[in-house]
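First chain A sits with chain B, and in the next complex the same chain sits with chain C.
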Partner chain A sequence: MAQSFDDITKQLGKRHRRTRRLKLTCMAAMVLSAVFLVVFLGDMVNRGWSAFQQGRMQIEVSYTEQSQQMPLTAVDEQYRQLVSRGFFRQIPQRMEADPELLGTTRTQWVIARSSVDQYLKGRENSLSEQQRQLIDRMVEQGNAKLAFNTTFFTTGDSRMAELAGILSAALGTLLTIIVTMAICFPIGVMTAVYLEEFAPDNRFTRLIEVNINNLAAVPSILFGLLGLAIFISFFGVPRSSPLVGGLTLSLMTLPMIIISTRAALRSVPDSIRHAAFGVGCTRWQVVSDHVLPVSIPGILTGSIIGLAQAMGETAPLIIVGMVAFMPDPSFSLTQAATVLPAQVYSWASLPNQAFQEKTAGGILVLLAVLITLNAAAVLLRNRFERRW
Partner chain B sequence: MKQPNTMSRQADAISPGTVEDSEHDAMYKQEHSDREGVTNTGESPVRPDEAGSQGATDSNKPERQQPSNGEPVTRNTKVDHDSISLSASDLNLWYGDHQALKSLSMKVYANTVTALIGPSGCGKSTFLRCLNRMNDLIPSARVEGNIEMDGRNVNSKDMDVVALRRRVGMVFQNPNPFPKSIFENVAYAPRMHDIVGGRAEQEELVEKALRDAGLWDEVKDKLHQPGTSLSGGQQQRLCIARAVALRPDVILMDEPTSALDPISTATIEDLMVRLREEFTIVVVTHNMQQAARVADYTSFFHLGEIIEYNDTTTLFEKPATRKAEDYITGRYG
Partner chain C sequence: MLDYLLPAFIVLMAGLGTIAFWMGRQRAARVRAEGTAMRSQPGQYGWFMSLASVGAATAIIFLCWLALLITGSPVPLYSLYFIGLAVALLGMGLALRYVRPDFHARSAIEGVIRFMLAGAALISILTTLGILVSVISEAIRFFSMYSFWDFITGTQWNPGASFLEAAGRSSSASSQAQFGSLPLFAGTFMITLIAMLVAIPVGLGSAIYMVEFAPRGVRQAFKPVLEILAGIPTVVYGFFAAITVSPLIVDIAGFFGLEASYTNALSPGIVMGIMIIPFISSLSDDVLHSVPNSLRQGALALGITKGEMIRNVVLPSATPGIISASLLAVSRALGETMIVVMAAGMSPNLTANPLETMTTVTVSIVSSLTGDLSFGSAHTLSAFALGLVLFAVTLLLNLVSVFMINHFREKYRLNTI
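Let's look at the complex of A and B:
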């Protein structure tokens, strides 16, 4: 019996309503996750933003012989508790480097102590009422202000919050990642090429495959323990060094690169391989001339995401000792170093309010780098995506 | 199922061109009917004097005819039979447990166009892939039997498949240009095999191959655009150009014109006929007219067996077997 449109529509009502219900549920879930993301980012930005600003004061500094011996005397007594101790420490060095300074008095901008910095930012601080009034006056006269915090990016860690920066950690991260990638990328890509393009499909290769896939799911802290046992205890790689950190992370990143490379290789249609074999390519020519060129965007995307994950990894690095206190940035593979997430971790455990701000600031920097990397991965993928 | 080797004795006795087609045909039928009892019970044997009347009822025709030495039932008198390019004998192929080719024997003469016809799934592509060992790439495929080419067994372990594919080119059932420029698609393989050197030489070769494939006029202004940006039919012709550019001995074509318009089809058919001078062509086609137009020999496949391998004209005009006749006349699905 033929049904009219009305009959059918009546039946369909239920199905359409169900679709709508599901759509709404999914939308709600999406909104929820978006809210989480916005709240998290908003909170981080809110807390960390001020780390990029720093309290500075303009005061008179007199470079005398006495101040070379006792730097505190270089500034007026009322400012002594307000200026960063780091500034006083530098006075003798600076005078030595520039003899002309001797005997002069200069009005210059100096870094304020973190308590002043916090006061300027309207946060809790340890200043006395008198000091607060003094700073208020200076602000009115334009002699105290918040300025962009270059120190944060140009120095290593410090016990003084106003002098603590992320440069040591950033260099440590850079070196560690270089080591990781130098190891993982070639080994990972070649392993994947072997498994995908050369290996016969037998028990042994399947066993290897399963193990690689499982490896990717192992908690990262275990890799730290493994790194500690193998690289430090057995091979004697220097503890805390970017070398051991990079090696440890490569244990973790390798399976990821293998998996993503295999996925990229597998997405290349077999018809291309057949075409290449059909004109008499050797197996290696098929891979190098036809399969790899089209899968490189995918391989790079996977590797960048693996790199980003390695960058954000903390636990295994802490286990191999990469939480060293590093006041002076160094660029050595074998010397002790720290990495960005470990730096964030150690700042986070300090009680000082000013360091909490640094923590959030460090996280923001890390996030910015990671987002940039991921964006680069997406861009690469879109840019080189090909149809065939 | 293997047939007793009754044909080879007789066919060997016939030297090419010495026996008239119809006579040969008749002799075959007689021979064949002798073993009817083995293959086909209940069918009346064909007497030699009846064989001439090809338009007779279906029951007069043998059910199946497997040329066990691989030679065609009837020789095509217009082509040279001096050399055999490829000779498959007793070829069996399994995909896992499924036997896709059953004891095939077939000789392909050099400088001829040989068509493979038959219903879908009967093993034409599979057989074609055997000829340049593309079945090696299918893990479940297992081949037994010999394919002789130039005095060597294609299936033997010491045959270098790269060398084989250099000499036996292939055009696949679905167009599969490289994801590279049109120019590269054609120039890649010759350059890889060191057939061409400099840029000018490559350009010349690309133009010649594209002209051969009837694609030159359409792409000459966009040689550096991706081959995959062409239409399906253009891509297929690009693949033909790619195969031709390598100047192989044999070109295997798997339904090369199934996605082409009549004009491009005609171009490709012309090409096949022209290239016959230089190459041996084995072509799979579902288009009966095409087989009739271009092929010197036609082999009719059915369920992994060669039912009839014959001179094309004879096969189409007076098929020796009932299945072939049914298929050709459209009575077979």
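Let's look at the complex of A and C:
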């Protein structure tokens, strides 16, 4: 009772300051996570943007009998260490394909070796001082430049950094995702429809529900163990194939699709069901003709997010062997393949500086695809989802 | 040759299904055109025909195939296709006789569809069973070779030597394979702890700000940040941890005169924490939202400040939900693989210093299942034993967390009435 008015005012000021402090702390936490994102994306772009550029040189290539036997002799000695080895390998094939080349000398743009590429980009490289001067001269004359890297998008993996590309990994991802969605979309929607619209509320149904929630939180690597023991060892699905990868990922994505589909079905008001039952529909007719059509945007949104998640998943795929070295892009469900995240993983473990740039480049492509997918899902939700 | 057989068979079956559908529909339409009232629509008779022929055939082929695989006998593909074809034709013939006015084709379809939907729901149970069976059966094989007690309490993890033993070349005691998983669990625990120290304060802080303080515009602007963070694949985080954060930590430690390994536990821990921020933040967001507004209004009406309200009213009542979210996050961190595979070390190390190299359970699983190891060696099997422990721990965490969150929800559902 002895508190004076001034005391209370002072105390009140202190209490309000504490509120402000709490607000600032919480705000700092939020800003911190935004900063993490910016630093992270900035770092990736900084490391990866140069992967989309490629060092090229304009040199004289002489197509002679000798160069068909020993391709190295096709170019002047000083350039031999600078031109990509992949280019020399192609010379005999090219001459076979085009007999008119024999005996001619052509000035053409060729892909430079990765050390030259790195030098042109101002990064660490293994060139000698002499070679650097040579390249400097070539740049001045306009005979060496950085151009858009088409190789990165049109070739498979390679031991030579300048020739390594993401095409086979991208095809592998495409196939794997097709298998995944072909399995888990129908099964996921069917399960959700069963649980929401058909299932009686008994112990079995509750078991399924608990089980699905649990599966959603099971570490992804355990699905890899399942794929290895059940699909590969027991069913005999070929190891490393998009088929086994897709099967494994589909089991992993299933709970996510079930959960989001159930949410979409639940948001359809009961009045629609009652009206349909009222005109004599059976349960399945109510679902297929009335409930599913209006909940499609919600189901698709959830599925796209699930698809994006499956696309970025690596651990279970490593366990089932989808980290194959794939120089030639192949488009088969049962042959060895690799996927984009696995390609990123295998490049990241290489010590060569040039491959780190490739890794970051691959990551940028992957992130671009995933962010586009997620944005598409959000757009879909905002545009088509009905509020009842 | 065989490669084209399956697609050809599928096309054939699809064709048969279409034919069956048309036959049923035509016949029913004819009957109706004659003026007889039918129990169902012509299209429903069509669907019934399709299901009875191709549906039955597919089901029988699948069951036969599964039975043959389980008994381990070779699968005679041609006979299977032949059986399928026969069943489809037979089914079509039989079903045609049911296309008559007093047959309820609609309820028949209904029954089949219900059955199919229940079958689909069963797949999620089968998945769990599949994980359990695959992990347990291999783990049992492992524990028949090495004692369970040594596995749980041993401090030496040296699986490489089991390779030599399998080749019959183990002579000295020093090269004996050892599967003491304690250092792995210690490493996992350390990295998870670091991740939680990053994720819980930041995630919870931003959730509190979003729910209690932020104006609408800030909320709308910040949501995508969390969504992008949540959508980044873990392999990308792993690269970030290994290539950017680790050298940074080594530099900073060097500045303070400490020596840090490039595969220290700190950098995967911090990056994993960043990965989990959106997870904790969105879960806590939900939890804080479900604290009823009447509590807030009641508190404010008593004249306390907003900060006191949050600290003394909102947070205490949200605690079970927040703990549950944190448990889920812990289970996620325990099972996280790519970040630790790429940024943490490969060698087990029982230490409390996060600047030293450490390895985790998931790293050992990956390293023992990649490369050219024979299936059935102790090294490979140890991965399944570790997987079993991982499964058990995460299952327990999930169950406890689900129980807590349900309890929390129940409590406030009653209060708000």
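We adopt the following convention: the second predicted complex is superposed on the first by the 357 of 388 C-alpha atoms of A that agree within 3 Å, B and C clash if a C-alpha of one lies under 4 Å from a C-alpha of the other, contacts with A are read in each partner's own complex, and residues count from 1 in each chain.
Everything below uses one rule, namely that a contact is a pair of C-beta atoms (placed from the backbone, for glycine too) under 8 Å apart; a residue touches a chain by one contact, two chains touch by 3 or more.
Remember, predicted model here, so these are calculated numbers, not experimental data.
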For the three-chain model obtained by superposing on chain A, do chain B and chain C clash or fit? fit
I'd like to know which partner A:T19 touches here: chain B for first, chain C for second, both or neither. second
Taking the superposition on A as described, I'd like to know which of chain B and chain C A:T282 touches: first, second, both or neither. both
Looking at A:V294 after the superposition, I want to know if it touches chain B, chain C, both of them or none. Which is it: first, second, both, neither? first
Chain C versus chain B, contacts on chain A by residue: C
Kindly classify A:L127 by the partners it touches after superposition: chain B alone (first), chain C alone (second), both, or neither? neither
In whole Å, how close do chain B and chain C get at the C-alpha level once superposed? 8
Where chain B and chain C land on the same part of chain A: residues 282
Considering only the defined contacts, which chain B positions touch chain A in the complex? 132, 134, 137, 139, 162-163, 165-166, 169-170, 172, 174, 176-179, 188-189, 192-193, 226, 228, 239, 242-243, 246
For the chain A and chain C complex, residues of the former touching the latter: 15-16, 18-23, 25-30, 32-34, 36-37, 40, 43-44, 47, 186-187, 190-191, 193-195, 198-199, 207-208, 210-215, 217-226, 228-230, 233-235, 251, 254-255, 258, 282-284, 308-309, 311-315, 318-319, 321, 323, 341-342, 344-345, 348-349, 356, 359-360, 363, 366-367, 370-371, 374, 378
How about chain C: which of its residues touch chain A in the complex? 69, 106-107, 109-110, 113-114, 116-118, 120-125, 127-128, 130-131, 133-135, 137-138, 201-206, 208-210, 212-214, 222, 225-229, 231-236, 238-240, 242-244, 274, 277-278, 281, 304-308, 310-311, 328, 331-332, 334-338, 341-342, 362, 365-366, 369-370, 375, 383-384, 387, 390-391, 394-395, 398-399, 402
Chain B partner, complex, touching residues on chain A are 200-201, 269, 271-282, 285, 289-290, 293-294, 386-388
